[in-house]
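Given below, in the form of structure tokens, are the structures.
Both complexes shown next keep chain A, but they swap its partner, so chain B is in the first and chain C is in the second.
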Partner chain A sequence: MKASSPRLQALRDAVNHVHFNRFRFWFQLAAFVLFVYGGYLAIDLGSRLPFFACGYNQEGRAGVCYLLPLQHQLSLPWARLFSYAGIAVLTGFLIFALWFIFLNKGWCGFICPLGTIQDWLTSLRRRLGIRYSTYSHGQFAQLTKVKYLLLALMILIPLGIGGGLFSHSMSPPFCLICPARMILPMFTGDFSQFTIDFSSSAAMVMTALGISITALFLVGSFVKKRFFCFFCPMSALHYLISKPALLKLKKDGSKCTRCGDCYNVCDMEIKEIADDIKNTNIMTDDCTMCLKCVASCPETGALKATFAGIPIFESTEAGFIKRMGKGVQHGK
Partner chain B sequence: MSKLYLCAIALLATLSINGYCEDAPAAEKRFGQGGGRPSEAQIAEWRAKREAREGQAATADAPSPAGSGAHGDMSAMSGMTGMAGMPGMKDEGSLRSGRSGGKPSMKGMPEGAARSGGRPSGMGMRSGGALWLSDTPPMRGDGARGGRSGMAGMDMSGGGWGKPAVKRLWLRAGNDPQRSGFAQEDADAQVETLLVTPDGKPEGEPLPSASDDRKGLSFEMPVQGFYRLYLTSRKLQGDILNVNVAKAEVANFGHGGDVEEAARGLQATRYSESAPLEIVRERKPDERKFFQLKSGEDQVFIVLKKGLPLQGARVRMVSYQGWSKEEVSDEQGRVSFQIVRDYFPPWNEFEKRFKATYLLIAEANAAETGKYQDKPYTSVRYQASLSGNYYPSPTDYLSYAWALGVGMAILLFCGVAVYLYRRRRVKPYQEERFHEGK
Partner chain C sequence: MENDAKVIPIQAAPYNLSRQAGEAENMLDHIVDDFPDNPQSMAYFYDLFRRVYCHGDEVKHEGMLVGTTCIQAPEELIYAFGATPMRLCNGSYHYDQKGADFMPAKSCSLVKATLGMLNSETVIPKIGKPDLIVNPTTCDQKKKASVMIEGMGHSVYELEFPNVKESEASRVYWQRSVRQFAARLRELTGKKLTRKNLQAAMAKTSRAQAAFRKLHNFRRKSPSLILGKDAFLVTNAYFFDDIERWTDAVEKLNAELELRDEAGFKAVQSKAPRVLFTGSPPIFPNLKLPLLIEEAGGVVVTDETCSANRMLYDMTAVDEWLVNDMVDSLADKYLKPCTCPIFTRNDDRRRRLLDLVRDFNADGVVYQAFAGCQVYEMEYRSVADEFNKAGIPMLYIETDYSTDDKGQLSTRIEAFLESLKNRKKHRA
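Right after this comes the complex of A and B.
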């Protein structure tokens, strides 16, 4: 590494020694306010956002989660979808990808309002002194596939709707079962999504499933950190296109002592973060890029977040010591 | 276990639907005075009255040459006796079934044609009721969903990638949205068609008339905003000049596109100062690009004559099923109607996006004198029409109670399950002491 100027070094030290949890809390809060209430300030960042800025939050949203328009587009009649409308699908995906590569899965760890709510529920549980749950390795290996299954269904069902195989009442299928549809509008006083739609059997099943999953979400997120992210099809979609992303999570295996601190603080229980000392690009499909692993690492330079190849947050011994007891809290 | 879940879901559905249908007072409360579901007894009573009236009309109606009863429909609007008891109308006395008998306008055409939506024998009110522009041809049937939908609920055809959308409208004659047939050309009437584009001339530009009325009137919509089509028909009958203005307003907005253009389109003027008489749907304060009128909502319309509010105009709204209500415009030219809920199919046939057409007819007489085609007239009868679409209320068939019940049940079940699971895994405290000395 080239020797940097004293000012730049001071800036790096300030960033590396930051009270990470505090910083992340305020960052998430600001993002939550922006994307749940930004619409009241006429902020509109479009409908291709790579996180759960729920489109059902009619008044307050500052943008719309890409999964909503994607499902709508895919449920167009096949004759249109596979002709000129297909170009709109491709351009929509391109805009989504452009948003995504900017922060990679950092959208999940720092911006996603539904992820923030899960972190708040975790914080509440911790304050109540209730211990959290973990998966066994066998459960982890099985459950991690669920998000890909949901992603496949999220694409296939709208295609089936467009082809007349399924009822339009099922559209958009993932949104109908997504907890964000029920929970995020509630923050603007809109409880209209807390309903079961009896207008057709398909609508009834989907909305009942949505309510059930929302209840599961609340219980699950209370006892399990980032419970829903484990099953999130957006997370699966992120991972499939994450290669060109600018924000990366890097690991220097030669500096890792395999103390396991990073694994202990990982909300997603990703074991590779501690065990893998060969790969430099350490982000896995379950990772939310919350960077808590970087903050909890006591080895200087063992873990780092880079943006376009430039280190922006790096593990340091001094930072670790400073944060001990205040920031990352082990095992909670 | 899965069978148990299926049974539970089926039971929930049955209970909910039964409860919904039987709970008419609650439904009326939910949808306001006008949106409630009528009871079976009420429906049976109306059907009986309607059938009786249709029977009377069938015996009273006799085919007569086109041209007789020139102003029958106008007199009918103010003179028809009402069918009382329909919920949703503020003045029950003024309620009528537009499809039923007592329609002098239908006298000028064969009974079959009037009832089946066939072609009336002449253009204008005397032959088939009011002239109006529709986005669906008569033969398409209930809740048409074929073709491209959108554009504020109006069907659209044509267009494509890189090409402007093409809108197609049909000129129809009749006072019933479902049963009105195509309007035929009347050799005695002078017709002009004017298209007002969002960024075009305020007074519009002539639209070439279609060679065959079944082809409808087509125009391209290259920019976002409201396109208005005015079809004005003038005809002298005796010393009375009949002026009929059929108007259609088509919203053309996209999800993407130029944001400023869309904003301009939303705010643009939506009336014409040259229109002899027109009806303007008043925008709601929270109205956005993709507005849809829902059953149970109140909607204000404004009657304008040459761009100025007209007081005292008789305005009749006819619902998709033929229910109608008449109001008189106030000093601001405003009339308000509650969109009646008249879509009650069996549960398994219910469509949440069912598109129903309403028809609005405004009439006014004026003691104006002048000459038309070198012939003098002593008064003018104005008639304006506007059609639009409305959809079932978004709250139809929605249940908060069931959602709360299901949600709370699963919340409790999962919470207790986690608690019991953890409790079962707690091992009793055991202490083992080591004594190094031994």
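Right after this comes the complex of A and C.
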């Protein structure tokens, strides 16, 4: 609303009126292709990526999910870990944090291939005309803690392995149960992860668990929007370091009518997005920064995404009417 | 009163000579004739009210007729089943008196008038007998009205509405309640709710809402392009007018306001105090208060009442266009943003009022409470405190549908507007 140049205002309007879901679909598809097949074009963005670009997708990957090297590093023998290797852990974390700070949880909403796959399963269900399910409020309050538990285990178990408390066949523990390990390589024709490792009982338990979790992932994401993200330890890690991030989800409570439209479309069932009118930084730990809430808020300026303080996508009345009108006419 | 021998048969007087028609005619004349520059496209609405309220013309509808006693009854569902919703909340003093038989003396004019209308032989607006009346369980007086309406031979559906809106439990409860309402409509009409007919119904409503919002936004302009009495008449017409015709008429009005804006037109003097109207809803012919404000040189720039802004403002967002999700989204739209005083807390109402004052550059607030409308009376204090803190003057008026207090009210309003003007001068 400030007196900016008419051209800039025109650009802002164009962005704010965009048919958001369609834009996001294509963006996610492009990111998926880049990170799942980019390796064939010799793209390598390193192994500190803040999302599930799975390292087990050996050929196609254009970079590696940070959780893989992190768990490997943490399972080094303690003598090494607590001396020179510690530096490598810290620099690794720093690079990860730098990546992360750039897009904040926007990596989840727009880039993470595992997130995108869940969205595809969602649209498959929608096309079949099947309704999604939701958690009750009580369930939500309990389940939302799981990701922190997984994060803690993901750090403690490797440390235990390094200290000789657990067997090496459990390494890297989270990867063994991570659905991405089986699912993403499949996209490049590699089904080798779909096996149970009988070499030791620990490996057997872990890989069998991995297969069941993958099955659960597929069923879960079909009935529940972003089923897995709710439990994702990466998401927990994100939240812990999200303060300095550049991309931000902002809310102006004085403009909010608490109509709940944003809550209604939120894949993560985040009630605060509608009800909280005090916090200006409205990103919660479950948020994937998909920005669907911004696109479905009818109050101009109530919600917005900012990058380094500059608004890049803002809720507007006109944008809302346009988008919802499209939905009414074509409705998929 | 036995007058055995000489009973003079009472000739039913033609409607247009009745007290009711007189009441409407009088109000409409003031609305139209007391002001010099009415927008031309308002003619549609003046004419509509003249036909329906002064001449007693029939209001036509498609399919079955579903009367509603409150804005919480989701109209999109009613349209989707091929029926026509009609808001029954009545504003006539004549019916208010008739309805006094049903309710204690000190109850709300609106509820009494609605009962009075439903109990009378010749109902105005002449909509015909509703096939179903939906009565959301909101305030006590409306709740108790259900059985009385049933006693008049109407079939009534009580739409269960929660008293608390913040909790997730109430949201889930209300969603279920709305789904049950859909089931009742299905039983009534024998039709099925499909994605297609619900989408079409929602499109109708959203088009009307988009037109309303545009009108609403024009009213931010200072000096005003249109007076509040006209805006109230427009939204009042939404109660019974054909939704598509109504939307067309509002779009025309918007186009005219756009031209007015470009031409630098002023509907009022630049000094005219800008007023936010809140509280019990003004319903034709009881536009007494907004009219008094504008006759005294003020202008109602926006409102927070369920006969206008609150009825049309909030829009539905749907994530997945499947019947279930659409119905739940609709339910959310009716509950979550609602600032009705029947809820336990009124934080949202207070925030909304402050937001409207800011956005519409209002100089002061007029708060109407119908005598006997306890919920609005009870919220007066907290709203007054809020405005006090913000340094915004507010005039609280307790009144009803009778015109007896007009003189006294106009003195108070004039004094209030005068004080707003002085404040404005001081600040300038």
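The rule is simple: the second predicted complex is superposed on the first by the 322 of 332 C-alpha atoms of A that agree within 3 Å, B and C clash if a C-alpha of one lies under 4 Å from a C-alpha of the other, contacts with A are read in each partner's own complex, and residues count from 1 in each chain.
We take it that contacts are C-beta pairs under 8 Å (C-beta built on N, C-alpha and C of every residue); 3 or more make two chains touch, one makes a residue touch a chain.
Owing to the predicted nature of the structure, the values given are computational and were not obtained by experimental measurement.
Enquirer: Go through the superposed model and pick first if A:D275 touches only chain B, second if only chain C, both, or neither.
Expert: In the superposed model, A:D275 contacts chain C only, not chain B.
Enquirer: Touching A:V223 in the superposition: chain B (first), chain C (second), both, neither?
Expert: In the superposition, A:V223 contacts chain B only.
Enquirer: When the two structures are overlaid on chain A, which partner does A:M324 contact: first (chain B), second (chain C), both, or neither?
Expert: second
Enquirer: Let me test your reading of the model: by the given contact rule, A:R12 touches which partner, first (chain B), second (chain C), both or neither?
Expert: It touches nothing on chain B or chain C.
Enquirer: Could you look at A:N264 and tell me whether it touches chain B, chain C, both or neither (first, second, both, neither)?
Expert: In the superposition, A:N264 contacts chain C only.
Enquirer: Please indicate which partner A:A208 is in contact with in the superposed arrangement: first for chain B, second for chain C, both, or neither.
Expert: first
Enquirer: After superposition on the shared chain, which partner residues are touched by A:S169: those of chain B (first), chain C (second), both, or neither?
Expert: It touches chain B, and chain C stays clear.
Enquirer: When the two structures are overlaid on chain A, which partner does A:D197 contact: first (chain B), second (chain C), both, or neither?
Expert: First partner only, chain B.
Enquirer: Which chain A residues lie in the overlap of the chain B contact set and the chain C contact set?
Expert: none
Enquirer: For chain A, which residues are in contact with chain B within the complex?
Expert: Of all residues in chain A, those touching chain B are 47, 69, 83-85, 87, 133, 168-169, 191, 194-201, 203-205, 207-208, 211-212, 214-216, 218-220, 223.
Enquirer: Inside the complex, what are the residues of chain B that reach chain A?
Expert: Residue positions touching the partner: 9, 12-13, 16-17, 20, 160-162, 255, 348, 350, 352-353, 396-400, 402-404, 406-411, 414-415, 418.
Enquirer: Which of the residues in chain A end up touching chain C in this complex?
Expert: Touch residues, chain A against chain C: 126, 129, 131-132, 136-137, 253-255, 257-265, 271, 274-275, 277, 292, 296-298, 317, 320-321, 324-325, 327-329, 331-332.
Enquirer: Tell me, which parts of chain C touch chain A in their complex?
Expert: It comes out as residues 166, 168-169, 171-172, 195, 199, 202-203, 206, 210, 213, 314-322, 324-325, 328-329, 332-333, 335-337, 348, 351-352, 354-355, 358.
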